[in-house]
Structures are given as C-alpha cells and as structure tokens.
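Each of the next two complexes has chain A plus one other chain: chain B in the first, chain C in the second.
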Partner chain A sequence: MTRGAAITRRVAGHLARGVVMIWVVATVSFFIIREIPGDPVQGMYESLLQKGMSPQQAERATAVLYGFLPKGTLWDQYVGYMGSLLHGDLGQSLSTPGVQVTHLIGAAASWTVLPVLAGTLLSFLLGVTMGVYAAIRRSGKLGDLLALSGSLLHGIPVYVIGLLLTAIFATLWPILPSGGPVDVDYVPGLNPGYIGSLLYHAVLPVVTYTLASYGGWILAMKSNVVAVLGDDFILAAELRGLKRGIVFRYLARNAILPLFTILALSIGMLFGGSIFIEEIFNYPGLGLLLVNSISSRDYALMGGTFLIITVGIVVANIVADLLYTVIDPRVRSGGTA
Partner chain B sequence: MKRLATMAALASIVTASACGGAGQVDGAGPGGIFTTIDGSKQINASAPINPFNPVGSVFAGYNGMELAWPKNDPTDPNVFYPAIARSWTETPDQSQVVIHLQPNARWSDGRPVTSEDVKVSIGLAYTQGGTAYALDPAAAGAAADVRIVDPATVEITQGANKSSMFLSNLLSTVVVPAHVYGRLLPGNFWQTLKVAQYSSGPAADRARASITGLADKVIAFAPKQDVSAGPFVLERVNPGAALLKRNPYFYNNKVIGPDKVKVLNYTGNEQIWNYLISGQLDNAPFTSVPAAVMDRIRQVSGSGVISGYSPVVTSLAFNQAHKPYDNVHVRRALAYLIDRRQVTRIASPEGGTPAVTTSGIHARAAKAWLGGGFDALNPYRLDPAKAAAELKAAGMTRRGGRWALPDGKPWKVEIHVPASFSDWVSAAKSITSQLGDHGIDASVVTTADYTLYLSELAQGKYDIGFWLIGLGPSPYNIYQRIYGQANGWQLFGGRLKHVAPGTEGNWMGGPQTVQAGGARVDPGQLTGDLNFASPARQKQIIGTLAEVTNQQLPVVQLWDYVNTQFVNTSRYTGFPPNDSEALRLSSGVWMQLGMIRKRQA
Partner chain C sequence: MTVTVLPEVAGTSRATLRRNFWRGVWRVLRRKPSRMAGVGIVALFALMGAFGPLLYPANLPRDDNALYAPPSLAHPFGTDFEGTDVLALVVTGARYVLLTGLATAFITVALGTAIGLFAGFRRGRWDTALMRLTDLNLAIPGLPLLLVLSTVWKFTSPLEMGLVLGLLGWGGVARAVRSQTLSLRERGFIEAARGLGLPTRHIVGRELLPSMAPYIAMNMLIAVTGAVYAQVGLFFLGVLPFEANNWGVMLNLAVFSGGALTTPAALPYLLAPLLAILLLTLGIVLIVDAMDEIFNPRLREE
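The block that comes next holds the complex of A and B.
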C-alpha cells in the first residue's frame, strides 16, 4: 500500500468513527434533554413575576412561547430532529423565539473564539516555556518559584480567579470593564475605536483563562522535560558536544509531544466556551449560551450547543491524531523508529 | 522589532480605549447619556427589533410604546398615564372604549401615528392571544370590534363576556407602525377574525388556527431598522448593551432630558451590583441586594434609593394534600412560630417589609380594600404558647423536647426553595432555625433552578414551598395565586372547574369549599367572580377571601415587597419621589412624564 493510500484510509477511518460518534452523542443528548424536568413557559412566566412584572404583562410575554414547544411523540420529534440535522437545520430557539439555533450558535461562537483561543494559546506558550525553565532550573529558586506558581494557579478554580480579578480591576481599581464584549458606542468594523474596545473588554477574560490554564501546562511540561532529561539520547547529544540550542530543541520536541494532544483537544473544547468566565464577564459565548439554554429549557438550543461541542472535539481529535504523525516519526513509521 | 511595534500599536489602541472610558461617545449632545438596565429581560443582540418578540430589542418606555402606562395604584388596575393615547373614555361596564391619540405623535421616520397603526397593532396582538385579544368567544374581556372613527380616534367594543380588566388590558397594547408591520396581516384578516370569534364548527376552528398560525411570523419579523414612536430609537445593539438616540419626532420631545440612553446587559445580579458600585448606572430597577453590597452601593457618590409600593408578596405555601399540613391547626401553629420580622431582616432587608398578617394581599392594598376589617384579622404574632396549643389540637405530641406526629412518628418539616433565589434560601434557613428552637425538626431543601422547582411544586412533590402571592392591583390576580390553578380551580373560556388534589397542577390541595362567616363558600368561585363583579361586590368578595385566607392559612404571608430602585444623581436629577405612582415603570416613561434632567454643573 502506498503512503498516500494509507493516509487516505486513515483519514476515512477517522471520519467514519467521527460521524458515528456525532450521531451517538446527538441521539443520547436528544433523549436526555427531553427528559430534563421543568416547563419552560411556566418557568419564564414565574420568573417575570419575580422580577415585578404584572401577571398580564408576563402572560403576554410568554403565551406565544407555547407555539415553539416541541410537538408530537418523542419518536416523531427524534425523526424530525435527525432529518433536519442532515440538512444543517438545528431548529428554532425557544428562548430567542423566531431565531434559528444555527444563527445563535454562530453569533456566540464568534465571541468565544477570541478569549478562549487567545487564553488557550497564551497559557500554552507561557506554561510550556516556563515549564522548560522550571525543569532545567529545578534545583534553583527560580525553578521552585515557577513550579509553585503552577501548583497554586492549578489549584484555584477559574471562577475564583475571575471574581478576584473583577473585584480588583473592575471594582476596587476600576481600570477595566466588568462585563460585555465591546462598548456599544463604537460602530462595528475595522476601526481603531471598535478594535480597541474589543481588546479592552477581552483583557480580563483572557487573563483569567490564561492564569487558570497556565498551571496545568507548566506542571505537565516540567514533568515531561525532567523525564526526557534522563534519556540516553540527551546524554549522547551532550557527550557529542552538540550545541546547547540543538540539545534544547531535542529536549523540547520530545517533551512537548504529549502536551500537543492536550492542546489540540483544548482547542476543540473551545467550542464549549468557558462557562464560568463567560458568566462572570457577561461574555456572550457558547458557554453562556449553553447555560442559558439549560435554565430556559430551550431544547433545540441545548441540543445544538451540545452538538457543536461534540463536533469540535471529534474534529480536534482527528486533527491531533493526523498531526501527531507529522511531528512524531515513531508514529509515522508504526512505532519502529 | 516588527513584533515589538505591533504589540506597541495594540497596547496604544487598548490604552486609548481604556482612557476614553464610558464618556467617550460620539454624537451625545449636552443632554448626555443616561445609563440603565432593563429589569424585565436581558439583551439579546440576535433577537429582532420587534416588541412582539419576548427578547426583542425594544425597551418599554424608550423605543417601545403602549397606548398608556399603568399607574402603581394599590387597588385599581384601570388608572393610567397617557402615552400614545392622549385620553380615553369608557362606558361604566367597559363595554365600549374610545381612545383619542396624541395629536402630535409621530414615528421616528417622520410619519404620523394614526388610528390605523392602533388597529394593525391590535390585529397583531390577536395573533399572540391572551388578555384582551383572546380568540375563544367564551373568553372574558376580549375585544370584539375595532372601529376607526377618524385618524386620531379608535373605538373598541368588548365581547359579551365582560371583564373589569378590559380597559387595563386594552391600554397596555403595544403600538407598532402599520407601514412597517401591516404586511404581516393578510388582506382578509379582519373577516377571518370575525369568523374565529363569532362562529363555531370547523370554519371557526380553521379561522382560529389561521390567526394563531401567524404568531411565529410576527415574532420572527425583523425590521431592518427601528421605527419608534417613543422618546428614543435604537441606534445599535450588541450583546453587551443597547444604545438608543433621541427620536426628534416624539410628541413630547421638549421634556426629554438625555440625548442618548445606554441599556447595559447583565447575566446575574452580581453584575448589576458591580455596575452600581462602580457608579455606572443612573438608574437600576429593583434588584435583590445583600446588606454588605448595599453598604458599598450607598458609599458611591450620588447613589440613592427610592422606594415604593410593589404588589407582590412572598409566602410559605402548604400542600394540604400532604399530612400533617391538611390540618389547619398545624398550619396555624407554624404561623405562630415564624418571626416574620426576623425572617425579613435576614432575607430582604431593603426589598421587603414584614407581613402584618396573612390575608393574601399586600398590606397596603389590604388596608385599602378592607378598611377596618384589616385590623380584625388574626395577626399571628410570634406566640409559642398558642403554637403549642394548636399542635396539641392537631393531635401532635411532644417527646424529648421534639414534636411528633399523632401516630408517634417523628415530624420532619422540609421547606423547599430554588437554589438561585438567595433571599428565599436565607428566609428558609431562618425559618428552619426558628422552628428548631421550638422543638420542630426542620430543614431546607434546595432545587437546582426555578424551572425545576416550579415543575416539582406543580407535581405535588413538596410539603412546603415558597410562592409569590398578592399580585395586584387586579383583585382577580391577587387571589388567583391562592385560589387558582395551583389550588385546583381552572378558568378556561369563562368556565370554572375544580380538579382533585395532585392532578392538573393542583399542588396546594385545599378543600373546594370552606366555612366563612357562618356559610360555606367556594373561594375559587369567588375569585373567578372578581373578574366581572362591580366594585362594591369586589370589595365584599375580597373581605370574604381575606377572612378565609386568614383563618385557613393555605399560605403564611412572610413579607410584602418594596419596590426599591437605585438611582445615581451625579449626572441626572429629577427622579420620581418615594411612593410615586410611576415607580414601577421604566425610566424611559419617567422621562416622558417630564422627569430626569441633566444635572447642571
């Protein structure tokens, strides 16, 4: 078998498994979602009363939602859902009536990508770099300090970091906005005011995400580097008198391999957004969309969001697996290198 | 070097943006920007600019207009401030209402607001159903005929099944421009409506289905731009905020202070607290605030609170189908053991006043309805001795300092509450602690979210739960919370029926008839009668229902709500005073009424 054919077969296998996995998740989530107890219309009606709205106003605001509730037997609904799914139609939202779920997910995804992707990449770069230093200088104070910072940040829940940063930089010393993705004063587009506002509002969410993820990367990288440092090929390279930069490259390339898979999965997971960060900073991404869809029992939106997260992870898995063969010769040649 | 330059450029953009702060807005004139939140909904930038969409980017009082705005009257639901309707007249039985429009009212595109706009708005309201626009011919208080008298006058006739809420429901109609929304109604709409309302059989069913079938289309309708008859018109919206600019054609434009309004979004109360602590908001409607946060808000320069009547009451409701809560002596004993003052101080120090007694009505409305009769009600003051006597009367026994059920089994009181309502959770903890002090084993059980809580409550899974009551000012709405669907009485199309406890949402499980004033009465029937009774008869019915509620205690009234609004007078002044009749309306309506002026330096 030629190499091209082998790759094609490998990709086809991955895709087939991915499609089956997506179907299984879509089916399971469809039935689980329908089993979540609670009447969304009654819930919304009572919530409006709780907010001080008069019964008439609350009735007017909710009566029409009955038309958006799923109808027919569960099986009929499932068949309809799968049929629509094949056409890329995720249905209509209940919490935002009259709007397609695909539109809501698309809008939320655009807000998730900036903070979560930036946070993931920043924390990865920072964690990996600091991890190498922490391993090399593990007997010194710098190494201890870096390892300690990793352990500490790894142990603090993301919502604690988020609330702490909000309390400091948005309330006590209000130099950063406490919520929202961009100032509404600026006309959307490629103008400095709008872009500046976008970045300004992204600072706290990105820093929170970076700090929350950094600990994991630095600890994992340090541990990998320490393990690789004891390998014979590093000793041989040093004995052969190879330049320090080349030895470092050997070291980093081998130590980073396991982290690469995690990074790929993290990027896949970004379609799940970051629930706590988006909630704390009122960032209208996929995580917040999922939370809101659950509390409002928006079945179509819940199903759509679960599906997009699943697809993200499946695709990331496939990409990670394929890229792994590129960066690790042992995998490429069937583990005989 | 190149990378450094890029980073420096980005940093300078961010710094410039940060230094600009909230004040850097182009186009804001001397009136400045008024910043607030919409307490009734979160901003959804994906939703259309359409008032028929529950989450649409239309904000009542700013770019959303009704015929009139309801005053915060404790007893009369039919008193309103003029809005699109300058004035109105009605026959004594509200069978006919004539509405006179503001002569100078114009849409933000310059076209006049006419009777045709009102008629189209009413037509669109029929597609949504409910209140004055029910298609069921038997429904009480439905509009039967809409007639344009002249371009500024509309006459609306009520159907045969009258309701005293007709005027109120009619004046709450949202008005939209016919030249934008009119095409949503098919050409034969009004003929179809007649068939739906006055015929029976398959033709009428088809007509009703045809009208309600328009609902999705109406809700999804997304005008390209906002056309508003209010003081403001939407300039743009994003997921974080909506920005509205002045509508130069507003009929009373000269009284509007701010040039723009910014409505900030929020995902929870914590964000509103942060906005208030950082001084960003000029006004925020009622928000539950813990005492420590309240102290910090008060420290902000210009920060203040205005408060007034809010016809909402928090109660502890019993499932009378569950033992021992079917026994009135048990319910009374619990009422005697709850220190409502302490509960309110812990749970809602700013947003509530301890209930004076249990009548089913907010104390202020109760005094107005009942007069001297209010003082005659049993106040159920904290009295452990009376509680012990009631428990003994219920057959309970005290063993080892703890109360046990008549059969000798331990009595475990479980109070259910949704976990997301911090004030209710605090109240429940306070109550269980108090009951524990008096020998009753009590615990708080939280439910993950409100929707689940309501679902389990309706299924009759709880013995005791928190429940909102006293939703005035309409007397029917007040008692419908106690003697309505939750307690077995169902009113559909003007017909009342009672269902057995544990079925069709009857989780309160009270008896269908009770003894009151020497006669047996049906509280649900009396509540239904409030819909169409004369004012004198309404007063009589309310007296009976208050007495029944006070004696039977299907609920224990804990605290009456206080409408607490946050204001900041650093930038704007002229907010309504305490107890203003406009307090429950948005600050956009306050502006329409000539309130809120820019603070002069």
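The block that comes next holds the complex of A and C.
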C-alpha cells in the first residue's frame, strides 16, 4: 500500500519535471525557428505566393510545414505551434519534401537507441567489475592503473575517442568499416548476411559509446566500494569467517546501488554524444539527423529532432528511477528505513 | 628528502603562513613526478596561448609543393591541404581554444558559486526555486541546444562562446557549492560569526568563501576542460563559421574535407589537434589530482 504510493509519488514528480523540461525545450525551439535570420517561415509563405497560390492556401501549406501560421501575433503562433505538437504533429520536412518529420525521426530513432543501450550496458558491466578490482587493489600497481584509465577516459571527449578508434581500426589497420550502418550489397531482412553486416558496422560506434562512459562507472564504483569497505557489516562478515565470495557479494550489492541514479545521467550524456559518434561514423541516427537538418536549413526537422532527443532523455530518467525503486529496498518501503 | 619544517616562532606572520603553504605545494608536487609533468604541460599550453601567435607571421606560409606532406624535420606533423605546417596551426590555434576555455570557466564558476551560495545560505523558498532551475539546467541536453542555437546566433568570438557555454554549464557547480554551504553554515566558526552579529557580507565573503576557495578553483579547472571539448566539438561539427584558426576547425577540415578517416596521408593533420586535446586533458587531470591532495589533508599519504 505505502510502497505503491511512494513509487507513484516519485514517478509523478519525475513526470512533472519531465513535462516542464519538454515544454521549455519546445518553447526554445519555437522562438529559435521564429528568430532565424532571413525568417524561413515568412520566406516560405512568400515563395508560395509567388508560385501563384492564394494567400489562404499558402498560409495553410506553410503551417503544415512548420506547425504555425506565418501571420498573426506571436501568441497566436505560439499557441498554434504548441497545439500541433500536442497532436503529435511535428510538421513536414523541407529537405525530403512531403515527408512527415515524425516519420523521419521514427526511422532514425532505432539507429540511436540500440547502440546507446548496448554501449550503456557494456560500459556499466565493464566499469563496475573493474571498479571493484580498482578498489580492492587500490594500493597496488593494478589499482593505480585502473583508476588512471578511468580518469583519463572519463576526461576525454567522445569525438576524440571515436576519431582515434577510426584512425587506428579503419585507416591504419583497416579491419573494420569506417562508416555507414550496413553494406548496401545485402537485402534488408532477417538473413545472416544482412545481420552480420549490421553487427560488423556497429562495432566501432558501440565500442566508442562504451569507452566514453566506462571511465565514469569505474571511478564511481571504486569510490563506493572503498566507502563500503569501511562499513561495520563488512568487518562483521569477515570476522564471522564468511567465504570471500559472499563478502564480495555483500560489497558489490551495497556499492552498486547509488550507481543507478547515475545511469539516467549517463544515458542522457550518451544521447548527446550520439551527435558526434553518428557524425564520425556516418550512422543514420537522431544525432546525424539533427546536424544534417541544421546544415540543410530544414528547421521543422531540427525542432522536432531536438524535442524527441529531449523526450528520450526524460523517458530514460524515469525508467532509471523506476529501476532504482525496484532495486533499493529503502526506497521501496517508502524511505523510512 | 623531506623538507624540515622550522618550529614556528611565536606571532607567526601571514608571510610565513604563505611560505609554508608553498612549501606544502612543492612537497605534494615532488612526491609524484607525474604531477610535475602536469604542471609542465599546462604551463606549456599557457605559453603557447600567450606567445604562440607571435612566433609565426600573421598569415601562415603555404607551400603548394607539399600538400599533405608526411611528417619531416621541417614539418613535425606534416602539412595540411594548403601546405601549411600543422604544428604551426596547432600552436597558433591554442590561443582561441584556451581563451574560450578561460572565459567559460570564469562565467560557469561565477554564476554557479553565486547561485549555490545564495540558495544554500538563504534556504527556504529561494533555495527551492533556484534548485529547480539548477535541475533544469543540468537535465537539458546541452549539445543539441547549442546546435539549435547556432542557427540564430553565430557565437564564435571567445567571449560569446564563453557566455553561451557558461550559461549552459553552471548547474553542477551551483549544486556542489550549495551542498558545501549547507554543511559549512552549521559549523562552529560560522555560528560564532553569526553569534557575534557580523554582517552577512562578512560571513559569506570572509568566512564561507575562503573555506570553499580550493574547491571552487578545482571546479574552475575542470570547467576549462569541459569548455575546450565543447567548443572544439562545435567547430568539428561545422555548425559555426570558421573565423579564426583553432583545433576544432582543424579537426573538421581534416575529417570532412581531407578524408583523414579514409586515407592515411591526411592522418597527421587529424592526429595533431587530437594529441593537443589529450595532452591538455592529461595536464589538467594531473593538476586537479595534486590540488586535491594539497587542499584535502586527509588524502595526504604522510
């Protein structure tokens, strides 16, 4: 009873904050699209008029593209934009005419979400395991080395990792493809050639995602394990003569808990990093879509992609928090313990 | 090996205190040679930023006979697509990169500290409101926002770039300073100051800030690295016009026009700015590590 209420309250809080963030982002992109030098909305309207459309037709055609009318007060335009967003209408793409922005984003989303999830999972497993070792061996050479690898990788920007990996494994020693999501020779579908090619092309992006967030995990896990090592219950367990494996499990279970709060931040960070990774590996995900929409002046697509990336981060936050509630018994019972 | 600390004379002046502090710094630095290396690296980059552009003519010489020349004695990192020496490009580009980094770090830390101090010291309604704002600042996807913003505002000058990056990045510092303030304000010396009826200005400026100064300084260094990454990344993506030479512009030209990822010929052109970023990061990470030990006596391995 209390447990359900506590979880509901937490999720409700997250949802409220998420809605505020999405609203802020939508407002920002509305004003940016409106303030872009050269006023693309008005320009579109005028060029349609010149093509011989009636003012009403041109207005409607422009509104289909951008989600708001080229005429009217700022407030009317804002309400129009928000209204179409609430209907799930992000406008139409300009660079690929006649295609809904939502359609393009839907096609790109899986190219971002799957590698990001794979990278998060891999880096989490790797970082947590190495973090425990780094903590136990913290006065030895191995621990020093692991901790240093963590701080360095944590400090290096994603694009440096990506570019270095490509330089090594695609240019100097070409064993992996330098870009693209899949070979064009294969027929898309569930045949082994196509899937093999998909995986082959995903190696470098996923490894880059993994290395980019591995540093954070190992550092956080190390400091958590060091803190737990000083706790009385570990000493008690050792004094009781419990097997090392069991002590190890006590240790890992308690040290790993706080990491789940970082999980959300990490996914958000990787979503941002996807812009660089997809640009480097020419991977057709949301990040590449955003950059390309800016360089091709496709502003409806730009606003939509920005909004969807934000929604992705909000959803990741809520999921990570739910996960935390399920795992941590203290939160589960309403935070009284 | 160990520096003998002289027994302190009665009536220690500020000067001896300061001398002891620098002696402590020297001791911490000397214990691990890597820390000395960190100081050396950062000093090298600082010199590069200050004097680098003076070493070369305003328009770097081109050599049409040596496009994408391999590394040689004359060109340690080869040449670029116009036959310009890559090392010269890295050295002259450092000023922009570092200036932007400093501007960003200054704005980030000033905003973050002010907001964190105010929220933590006032508590109550202001605290709640400011922390909501901080949460939003932390949660908003910064890089996509920067990209979208670049369509309306070409923030290329170091100050503008610093302003944009600083306005987007103060959340972490504010959160940390607030929690420090909350814990410090319950300590004895702050309560004593309040009990003595000292003005808030004195308590915040003379009691709270000095005890947080090292912490803030470390955050400032970390903010420099963050700013360097962000601006190099923005230029690498090519969403901002290339007005001055800097490392991000080099990366962009190497990858998207030079084809550095497909032909080994242009590889040195790509690797040189990458190496510069890595070295700068390494230097700053090592210095932060040393500062941690200088200001946090509990970490000292005496």
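What we mean here is this: the second predicted complex is superposed on the first by the 258 of 337 C-alpha atoms of A that agree within 3 Å, B and C clash if a C-alpha of one lies under 4 Å from a C-alpha of the other, contacts with A are read in each partner's own complex, and residues count from 1 in each chain.
What we mean here is this: a residue touches a chain if its C-beta (ideal position, glycine included) is under 8 Å from a C-beta of that chain, and two chains touch if they have at least 3 such contacts.
None of these values were measured; they are calculated from a predicted model.
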Once the two complexes are aligned on chain A, which partner has more residues of chain A within touching range, chain B or chain C? B
Go through the superposed model and pick first if A:Tyr324 touches only chain B, second if only chain C, both, or neither. neither
Based on the superposed arrangement, let me know which partner A:Gly155 touches: chain B (first), chain C (second), both, or neither? second
Could you tell me if A:Tyr250 is touching chain B, chain C, both of them or neither one (first, second, both, neither)? neither
Contact-wise, after the overlay, does A:Pro37 reach chain B, chain C, both or neither (first, second, both, neither)? both
Is A:Thr166 in contact with chain B, with chain C, with both, or with neither (first, second, both, neither)? both
Chain B versus chain C as contact partner of A:His103, first or second or both or neither: first
With both complexes superposed on chain A, which partner does A:Pro284 reach: first (chain B), second (chain C), both or neither? first
Looking at A:Val25 after the superposition, I want to know if it touches chain B, chain C, both of them or none. Which is it: first, second, both, neither? second
Go through the superposed model and pick first if A:Val203 touches only chain B, second if only chain C, both, or neither. first
So the chain A residues that chain B and chain C both touch are 37, 166, 170-171, 178-179, 279, 294-295
Going by the contact rule set out above, which residues of chain C touch chain A in the complex? 135-136, 139-145, 147-152, 225, 229, 232-233, 236-239, 251, 255, 260-264, 267, 270-271, 274, 277-278, 281-282, 284-285, 289
Contacts from chain B onto chain A in the complex sit at residues 10, 13-14, 16-18, 20, 22, 24-26, 39-40, 44-48, 52-55, 70, 128-131, 165, 168-169, 172, 212, 215-216, 219-222, 236-243, 262, 264-268, 271, 274-275, 277-278, 285-286, 310, 312, 421, 449-452, 454-456, 458, 468, 471, 474, 477, 480, 561, 563, 584
Contacting residues of chain A [partner chain C, same complex]: 17, 20-21, 24-25, 28-29, 32, 35-37, 151-152, 155-157, 159-160, 163-164, 166-167, 170-172, 178-179, 268, 271-273, 275-276, 279-280, 290-291, 294-295, 299, 302-303, 305-306, 309-310, 313-314, 317
Using the touch definition up top, name the residues of chain A that touch chain B in the complex. 37-40, 42-44, 46-57, 59-65, 67-68, 95-99, 103-104, 107, 111, 166, 170-171, 174-176, 178-185, 187-188, 192-193, 195-197, 199-201, 203, 279, 282, 284, 288, 294-297
